[in-house]
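Next, two complexes with chain A in common: one pairs it with chain B, the other with chain C.
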Partner chain A sequence: MNKALRNPLVFILFVLPALALFLIFFIYPIFSSIYYSLTSWNGVSDTVKMTGLKNYEKALGDDRFWISVKNNGWFILFSVFIQVPLIVLFSLLIANVKKLKGLYKTAVFMPSIMSTAVIGILWGFIYEPNIGLFNKLLGLVGIEPVYWLSDERFAMLSILITNAWQWTGFYIVMVLAAILSIPGELDEAAAIDGATGFQRATRITLPLIVPIISVVIMLSIAGAMKAADIVIVMTKGGPAGSTEVMATYMIKYAITNFKYGYGNTIAVLIFVFTLIVTVVYQLLFNRRSERIEY
Partner chain B sequence: MPRALRRSLPHAALLGYLLVVLFPFLFVLFSSVKKDNNSIALNPFGIPKEFVFNNYVEAWVNAKISTYFFNSLYISVFASVVSIMLAGMFAFAVTRMRHGRWNILLYSFVLVGMLIPNNALMLPIYTIVRKLHILNTHWALIVPYIANAIPFTVIILAAFMRSLPSEIEEAAVMDGLKAPGIFAKIIVPLTVPAMVTVFIVNFLGNWNEFLLANYFLSNDELRTLPVGMVQFRDQYQMNYAQMSAGIVYSVLPVVIIYAILQEKIIEGVTAGSVKG
Partner chain C sequence: MRKRITMLLSLMFVTSALLTACGGNNNNTGNNEEATATNSGTAATNAPATEEPANTEPFEMTIRHTQVGADKQKRLAILEDVVGKVQEEVPGLTFKLDGVDSDVNRKEKLRGEMAAGNPPEIFDLFGSPDSKIYAKESKLLDLTPILEELGIKDKFSNLDPFTYEGKIYGLPIGGSGEGFFYNKEYYASKGWKAPATFAELEQQLADIKADGKVPLAGASKAGWVPLMLANHLWSRYAGPDVTAKFATGEAKWSDPNVVEGFAKYKEWVDNGYFKKGELGFEYAEYTTQFTSGEAILMYDGTWKSSVFKAGQSGEGLIGKVGFFNIPAVDGGAGDQTALMRDVNNGYGFSASAGEDERQLAAVKSFIKNMYNEEMQLRGLVEDGVLPAMKLDQSVLDANITDDLMKEIVAVLNNSASSFPAFDSLVQADVTTEISNIQIQKLIGGQTTPEKMGEELQKIQEEANAAVE
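Let's look at the complex of A and B:
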């Protein structure tokens, strides 16, 4: 009776379009990147000259590349050490209030559905030295205008704050969902035993949401490694290349300067670094990632 | 600590956070009805004394918001719908058809796509698009957007289709339906809830996409909203009141959709976060 569902021709016809797109836009590009990363191709000419590992030597010896790696690192550190504690704090607070829960959840989530480009523009206005919100606020307490996006000391920090503003609420909602799925009896039992709200939050809830915090950190790392549009929109990598990240460095060479081969070298390095960071994180912090059963 | 204080402390902290989230939007909204930079500078925080709506007219004309808006709209809708169709067919074949090992193999293969940092693939995709001679047309965005959404869409739809009981097809086969008929008449109607969720996620992703849209199109008439907005800012950088009106235009549709569909959007986007 299952003949209708065993027809190989129909199976192939159903699978093929999606599979073809997947092969062309995911699998082929990986091999293509690896191949061209070993050449000095400019992206348009007919001749492709193999140069071996020369591009890799060049990238690893380029200070500007390491500045961009460092800036990706700042993205990761900022999310792990500043965003994550705030995420945990605010999701615990929202989970424990009785009123306005829905409002908080809806409002904090909102920035994460907006276009990063538009948020970059919006925050560019907030950071504007003369009439922007930040300097006006600082002016109230008598602090001189700060050139947030054009001062090397503040530009990267300004981008990180904007990025945190956009994504913190998103993770809060994720963690909140995990907290709310913990059975109420656990909390009630602890309350009967005389635990205070603070004790219940730190001794009961927190240990139970460690797995989801780990997911948040993984997602932050993945997001940090591919950050690009926020930098392009807010500073274009400046001032003096101080906010360049790996992806913008790659675009700068490959598309703006026609160093296609070299750009692909950077793409491969982004892959490798992402892999290294992920594996190191998994090995160091995620060994006890068994699922929690209630 | 008195009880009342302990009760209100969390709310104070949360309202503070709410203010941080919402005030930038209010700042832009207020600025958009102020006369010029000078009146923003004189009264940066408050509601303006007189409302100037001319900024909205000027921004609509100068920023060509209508052009960018409809470009974004049709590219995002079209690409999302096509990826759902193709991924739906794929998911149906690997979850409901009886091809044992092939089902598992193909499904796991497409899953690998979730692990690939897609920004890093931008250069080869640029070359592919150029070789297909669709660079600087809307197809240069539509085709990669369709492809890009496939792994995530397959995962969500396959999970949903797997949960449907197999008696459904058995009855359909009895009635003489072939595989395509079962897909179109039985499975698709049942999968609509999951399709709505992935549609929202894909739509938002495409609507907000910036990198490909910025580098694959050079003709101004073809630009999408995020890229058009950045270009508008670069041109009218000195006129913040007008720029604020432009920001309001680009944010407003998303806020309205969000107000209506917030539960569905939150559910979909957080499910989509596996995408990383």
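Let's look at the complex of A and C:
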């Protein structure tokens, strides 16, 4: 049996179905996107006219596109510097509670199983200027109503908060699993040596969960680069295009206007930018996080 | 030996995987055939004996409609009645109704299907620019011979949005006009009437504001909502035909008259006439602001009249809602009674339906049963949709019992001319710019009317150059 498994032909046979799916649903679309990104195809026509790099010139020279790139950047920064620390904090807290751990886990996980449309409507009520929860609370301390979704200064922040609320629970469960898999002896030994809870968390637990945090950051970056649904549901990219992200830009300025060639260009650019960001992250940070063995 | 067994097992696994997929298809086909046989048997038994029996073998056609949601139930009932009639007329036909949200159908689903070459046989279609793009690519069925055969080619009031190179590729289901809906009860309490002059309208807006009410409903998350009123205002100041001249270069967005229209809109925003925070509200909230009595006026299309019927969200305002056109503005150009009217939404048919004789018969039957006086009247009376076909005034008078609809028809009759909304006249890039950016910037105070005109003109010129 072992001998047979060493035969490359057997492996090829087993890999073949998955490989076929990978080629059909991943590799082929990438190449077809790259091809169409060099054309002025309208999405319907049988004839496709090549336009060279014109679409790329147009996209890279369009201020609106760069606004959307910047907003994707905000998504990444918010995820990495605000969401991830909160995820770690809540994971540590939940890992150390003695009672009702299951309840907390379920409660934090709940938002990530809800559809973005539902979350958009739910938070739409929270941000509602007249009767919304936030403005009611602000009103209690005498602050004037804030137009969360219709004011350019707050619209992006409102989306980021909602997006973070949606996904934090999912990542908490991941980090929690990592924390709970750390052997209890390490913690006990530290406790016997007189380490405080804070010291144990920062000196023992945190270093041991760095690999999973790294994965969380990686997933957050990938998620941030392709964000679209939450923006569409909450602001439709408005007011006046201030919350546009690359994916919504692609829909609005290309797909809606029968410019599928240009749409593919934006899709390729999203792919390239995501690749760059993740590669840079891998090179700068991820290499340092070594595999942990107990 | 072991190696052989593994190889054999692997081979079996791969082949069985392949066969499972193929087997699935076979099974389906088998079932279909079986079902076909059973159905045709039943149909044959029920079919009347004729000399040359018609082909009664069951076949299915799909109708993609957009009658989803509570407010569109009446329109759906009309469609269902038509479907029933067509199914009776065409032996063996079963329609599959596929309801999809209008925007999703228009911008995503139908386009994807057109590109892939598998659109439904009958589908909800927008006239301009959509139908022309599809017609150009031979994706739509040319309806001209069918309309001639049915003798209804000249019965439509306007088929321009669906006409490409002299051929008709779609039929509007109804028309719409845009104007102010107003709360009659509030107006009566103040002793007011629908304004006859623009100054009177502005005075009323100011008085409503002073009274602590919201003068105008506002929900500008989607740019087309505020643009209905803005479009009408710039057309009052610069003339009803001005928008059509942007694409030809005969007029500019930055012309002083057009800018005056933007400026008037901005003035109303600055005066606080619209519901505050409007940039964050959806179109659905627009209606709610009016039906709840919070806003006294609402600028909207005549389709909204269906809301003020029994069982609908505006039920509480039945008999308390009026409708008027924007009064003439001082120094305005052209016909000052012109009304913004559109016949841009209707049904289209896939080119493939023309290749199958029975499908073509179904299409003919669908057109015959959908586009007639009875259905147009039902659309008007039950759903508040203005007829797309020419109807006798006496027939209209006899059928309209609803006060609001009577007022709407009176407004239509009092307007000497009409003009279509901007989005069917300018290029898609310009529509995107004005509805997603410029109008929201104007409302948000991030641009001036002059700057808005200039920026729009820049995009317009780029779009005009691209066409050339």
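To be clear about the criterion, the second predicted complex is superposed on the first by the 269 of 294 C-alpha atoms of A that agree within 3 Å, B and C clash if a C-alpha of one lies under 4 Å from a C-alpha of the other, contacts with A are read in each partner's own complex, and residues count from 1 in each chain.
One rule holds in what follows: a contact is a pair of C-beta atoms (placed from the backbone, for glycine too) under 8 Å apart; a residue touches a chain by one contact, two chains touch by 3 or more.
Remember, predicted model here, so these are calculated numbers, not experimental data.
By the touch criterion stated above, A:Lys252 is placed in contact with chain C alone, chain B being left untouched.
Within the superposed three-chain model, A:Glu152 lies in touch with chain C and out of touch with chain B [touch as defined at top]. In the overlay built on the shared chain, the residue A:Val10 is in contact with chain B and with chain C.
After overlaying the two complexes on the shared chain, residue contacts for A:Gly43 are found with chain B and with chain C alike. More residues of chain A are in touch with B than with the other of chain B and chain C. By the touch criterion stated above, A:Gly238 is placed in contact with chain C alone, chain B being left untouched. Of the two partner chains, neither chain B nor chain C is touched by A:Ile276.
Legend: residue contacts after superposition of the two complexes on their common chain; A:Ser112 is shown touching chain B, with no touch to chain C.
Look at A:Ala189: by the touch rule set out above, it reaches neither chain B nor chain C.
Shared-chain residue A:Leu93: touches chain B; no touch with chain C.
Comparing the two complexes, residues 1, 3-5, 7, 10, 14, 17, 43, 130, 255, 260 of chain A contact chain B in one case and chain C in the other.
Taken together, the chain A residues at the contact with chain C in this complex read 1, 3-5, 7, 9-10, 13-14, 16-17, 42-46, 64, 127, 129-130, 145, 147-152, 155, 235-241, 252-253, 255-258, 260. Residues 10-11, 13-14, 17-18, 20-25, 27-28, 31, 37, 40-41, 44-45, 86-87, 89-90, 92-94, 96-99, 102, 106, 109-110, 112-113, 116-128, 143-144, 146-148, 150-151, 154, 169-170, 173-174, 177-180, 182-183, 204, 207-208, 210-211, 214-215, 225-227, 229-230, 233, 240, 243-244, 247, 250-251, 254-255, 258, 262, 265-266, 269-270, 273, 276 of chain B are the ones touching chain A in the complex. Taken in their complex, chain C has these residues touching chain A: 2-3, 5-7, 10-11, 13-14, 17, 107-108, 111, 114-115, 129, 133-134, 136-137, 139, 221-223, 276-281, 428-429, 432, 436-438, 440-441, 443-444, 446.
Those residues of chain A that touch chain B in the shared complex are 1-8, 10-11, 14-15, 17-19, 21-22, 24-26, 28-30, 32-33, 36, 43, 89-90, 93-94, 96-97, 99-100, 103-118, 120-126, 128, 130-131, 133, 136, 165, 169-170, 173-174, 177, 218-219, 222-223, 225-226, 228-229, 232-233, 247, 250-251, 254-255, 260, 263-264, 267-268, 270-271, 274.
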